[in-house]
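Just so it is clear, A, B, C and D label the chains in written order, and each chain counts residues from 1 on its own.
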Amino acid sequence: MGISRLGFVQVRVTDLEEAKRHYIAAVGLEKTEEKDGKVYLKGWDEWDHHSVVVEEGGAGLVKMAFKVDQAEDLAELERRIEAHGLKVERVHRHEDHAIGDGIKTTLPSGHVVQLYHEAEVVGTRTGQLNPDPWPDELRGMGAPRLDHLLVSAEDPHEFTRFFTDVLDFKISEKVVPEAGSDQILAAWLFRTNTPHDVAVIPGPNGKLHHFAFYLDNWNELLKAGDVMSKHRIPIDVGPTRHGITRGQTIYFFDPAGNRNEVFSGGYITYGDFPCITWTADQLGTGIFYHNRELNERFTSVLT
Amino acid sequence: MGISRLGFVQVRVTDLEEAKRHYIAAVGLEKTEEKDGKVYLKGWDEWDHHSVVVEEGGAGLVKMAFKVDQAEDLAELERRIEAHGLKVERVHRHEDHAIGDGIKTTLPSGHVVQLYHEAEVVGTRTGQLNPDPWPDELRGMGAPRLDHLLVSAEDPHEFTRFFTDVLDFKISEKVVPEAGSDQILAAWLFRTNTPHDVAVIPGPNGKLHHFAFYLDNWNELLKAGDVMSKHRIPIDVGPTRHGITRGQTIYFFDPAGNRNEVFSGGYITYGDFPCITWTADQLGTGIFYHNRELNERFTSVLT
Amino acid sequence: MGISRLGFVQVRVTDLEEAKRHYIAAVGLEKTEEKDGKVYLKGWDEWDHHSVVVEEGGAGLVKMAFKVDQAEDLAELERRIEAHGLKVERVHRHEDHAIGDGIKTTLPSGHVVQLYHEAEVVGTRTGQLNPDPWPDELRGMGAPRLDHLLVSAEDPHEFTRFFTDVLDFKISEKVVPEAGSDQILAAWLFRTNTPHDVAVIPGPNGKLHHFAFYLDNWNELLKAGDVMSKHRIPIDVGPTRHGITRGQTIYFFDPAGNRNEVFSGGYITYGDFPCITWTADQLGTGIFYHNRELNERFTSVLT
Amino acid sequence: MGISRLGFVQVRVTDLEEAKRHYIAAVGLEKTEEKDGKVYLKGWDEWDHHSVVVEEGGAGLVKMAFKVDQAEDLAELERRIEAHGLKVERVHRHEDHAIGDGIKTTLPSGHVVQLYHEAEVVGTRTGQLNPDPWPDELRGMGAPRLDHLLVSAEDPHEFTRFFTDVLDFKISEKVVPEAGSDQILAAWLFRTNTPHDVAVIPGPNGKLHHFAFYLDNWNELLKAGDVMSKHRIPIDVGPTRHGITRGQTIYFFDPAGNRNEVFSGGYITYGDFPCITWTADQLGTGIFYHNRELNERFTSVLT
């Protein structure tokens, strides 16, 4: 009941053809449709019509959309969002191609959050009958699925409260000014059993830090880094280890400047996961465990 | 709301000292307590007091216990189990050491299923403040956590219905006699986002096929296989790939003859995961993807 | 000076078209030429014209051919072979397509050993100018190169002496009846810095146990096992670990029944490598480190 | 015949206790002896008494020492070095602890090169009788062995000629000003079948860029990076991929500021390896394949 997962992210890019080369040939997503100036993309192991939508118009996040488990969840969540003091807007079937009726709200941070229950199902590449573990003819990094996104907000604590109080997310890890403090400077939030489905760091409102694709393991990350070099994709940081989430990572940029991540590993979470706290002085280690320091780009380059 | 995860398995062993050598020195679990003829064990990345309990008395499964998200879930699930026609027994705090009040039932298959909400929290080895990604001084296979169990039942379809109808599990994969059939010969069931938390194959009632520990990746499985050789642990099958779950595996035996597994990989599931169907003629490929055939031990050795 | 490496193996197969599907589509070799009933194959990272030649005619090894470092080595080795009491035959340029003048001899074990210095160079797939680390569009297992072969002989000790005394190979590992014995039951022999370029076990004269392709690591072996399943290639044993050589392995069969191996890992050797001894009672562990026992096929299936 | 391998490197450090903590606890070498202000170290898979010697006195390379295959090689190489116009000095047994008689010369670049044939053999950790593939109780990065070193010279071409013309090394890869040029700006040189045993880049004479330990694979590099963080070891670059050698790498610093590397992967070389050429404009890609650019430290930080 409630939020099932991050369903899709919708982002702006400067050039649709460049974006297709990036997300299809290099990242390895499949184009399920191109329509009305939008390209609909999914990983080979996803069954819904899309997990990424790109549209022309610069760079940055148009919206993040979460899929709910049951149709009835939408009414309950609408009530909760309004009780939280935010305005809810109905999204009618086909306003979003291949997505059913839903609701959306704009957070105080300026991020648009949409909730929906139905999506057109196109199926995974390996199918549902006696499947192979992976399809032949994977392209580029061969990303199987979307994993999470990270955004910036002027008030990360308030952003976090929306996700925990209204959408029933839990906090896996948080950054606080010093040990014992209640103030949340940054938070990693989960509804699934992964380390995070969405996360927030301090920064300007409405901005996207990155969205991430899951890869199976550290060896797939090496291959992904090689593919980035072959495709002349600018790498931000990695391959390396995160302290926060314990995952492995490469940050890189799409042609419009939106930051992507390929991410692997990380622990399992449950509702009673004992929240991990990072003190602000150890944030560098939390983000980049090997080097133990942030580079300047990490906090300044946002779209 | 509802079942959060497989909380612990309780198994019988022929010799407690041998079992400790196996589960502590070789598998790498931590002993959190030994009391009243029971040894309480957990993986280094688990926070609750135990995920495995061993007691003397031969071999086989005493019970499987699932942790629920909220205390209120117990009353609702008690009602549902009774509505399903099964008898519910209350389990009082401290009947199970370090576990709170709960309920239990004996399935028609003879398996005992316990549900509880509270457990004593002892914490993970890396802790909750600015943690390292893994602790120093891991032993043997260094298993971080329990993952799932597989049992046999004369009527796997009935077993499956209990988990889906009463406990709200979903089916990730099932074996059917032939394509299109509604009859479930075997099923893999999930409440978390993993491929399975519990599974059932046809066989005698009340029996355990194996319980499994998660390892991070295929390289950890190689190391685990090496550790098995160093400890003279009999290997059943592996390292190899499962078709079902897509995971990687080694099956091996504890000194009492209970089958263990170390398992890595596998896809992510959600409530709307499109159930995968295996036809009975492809079961060998489903279980052991590389060799495409079952060995005789797979179905005959149970405890 | 002297033997540089195992240059190529020439084997018989029952059906050339089946063999091409196996070695090209599944193993991932490149066909450099097909001529006069022979198919010439190489790995993507090899520069000489071929490392495997297949011809119709059943199954088994036609010959093993070693490349020498310098043209002058051939005369010196001819002298040495004759001094060892074996007959030497000259092989004229173009008797072997794309291979220069050389010599050959038939060992007492019945195996034909050819030595040559020149081969037509066709180059690696990544080239010699600012290369990428791996080529796009690898097929199947993507084997980069031939690694070694293992044969059987009625007198493995005599076979070993030829390679050590005449061709200056060193022994990395040997099996003896019991600790302290001088009798060699089986031997792994190297000229390069790998654990073995050729090896011998007891068995009928003139037979091939397997020839092996190198893969980069244990993850590539998992992928190779998956590819075998997709291509319905019968697997003999693996993925697993060898005790001898410490390498990782899958044994499998080509359509004619010749055993192939994909092999990764293993230590580095030098001329002063301290030879490792296995006592016969531990041979199972030496061959298959995880299970610690030989299967019957290992010693009985030869071509 | 001739050079068998890089036998050992001898380096200066600012503090012997700090160096021991670094090389023993973190890198995982074994101390075989400490004597007369020198600490003798080896990897667990090396059999000779040492592969690294550290002594107090700042930072930088005291000498690089190569082991030759046969005692007679020393006289022949002495003759060749003198014929090359360099002065040869005899090194008497026990001038270097645990090393036999040898010779040394100072190259025009100021680097001291020693050649020897004998070393005290202490054996590997897994031994020579029915060994396990790896020893229990590895520490830190668990480095099994020394792999290569890289130095700087004002005239890399001249440095290269010494190794090719006198010591019979071959060039695996070289950097030239532009395609077709004969001028060598940097060279990677091998005697073994690895991509390089020694390499040279342009820079001040007599300086050390780094010496490298081999690790089995990319997963061991991740673990090594984690160990560096736990030990607060400053990382220079990595984990990442080299274009040159195709290997995977982390560069880091010992407490004296000497650069170390952990290195895995890379192709196999033979005497007829087709030399790879990098044009100077692609040097960034050659060194760091993922990012395709050098950082400033790579060329400026030398000891």
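What we mean here is this: contacts are C-beta pairs under 8 Å (C-beta built on N, C-alpha and C of every residue); 3 or more make two chains touch, one makes a residue touch a chain.
Because the structure is a prediction, the values reported are computed rather than measured.
By number of C-beta pairs in contact, A-B leads over the other of B-C and A-B. Taking each chain's centre as the mean of its C-alpha atoms, the one that lies farthest from the centre of chain B is D. Centre-to-centre separation between chain B and chain C, using Cα means, comes to 43 Å. Centroids built from CA atoms put chain C at 48 Å from chain A. Centre to centre, using the average C-alpha position, chain A and chain B are separated by 30 Å.
Residues of chain C in contact with two or more other chains: 132-134, 217-219, 226, 229, 241, 285, 289. If touching chains are joined by edges, the resulting network of the protein chains shown connects every chain directly with every other. Residues of chain D touching chain B in their complex: 132-134, 136, 217, 219, 226, 229-230. Residues 1, 4-5, 45, 47, 67, 69, 121, 123-124, 128-134, 144-145, 179, 192-194, 214, 216-218, 241, 243, 246, 265, 267-268, 270-279, 282, 285-286, 289 of chain C touch chain D in their complex. Across the complex, chain C is touched by residues 218-219, 222, 225-226, 228-229, 232, 235, 239-241, 248, 250, 285, 289-292 of chain B.
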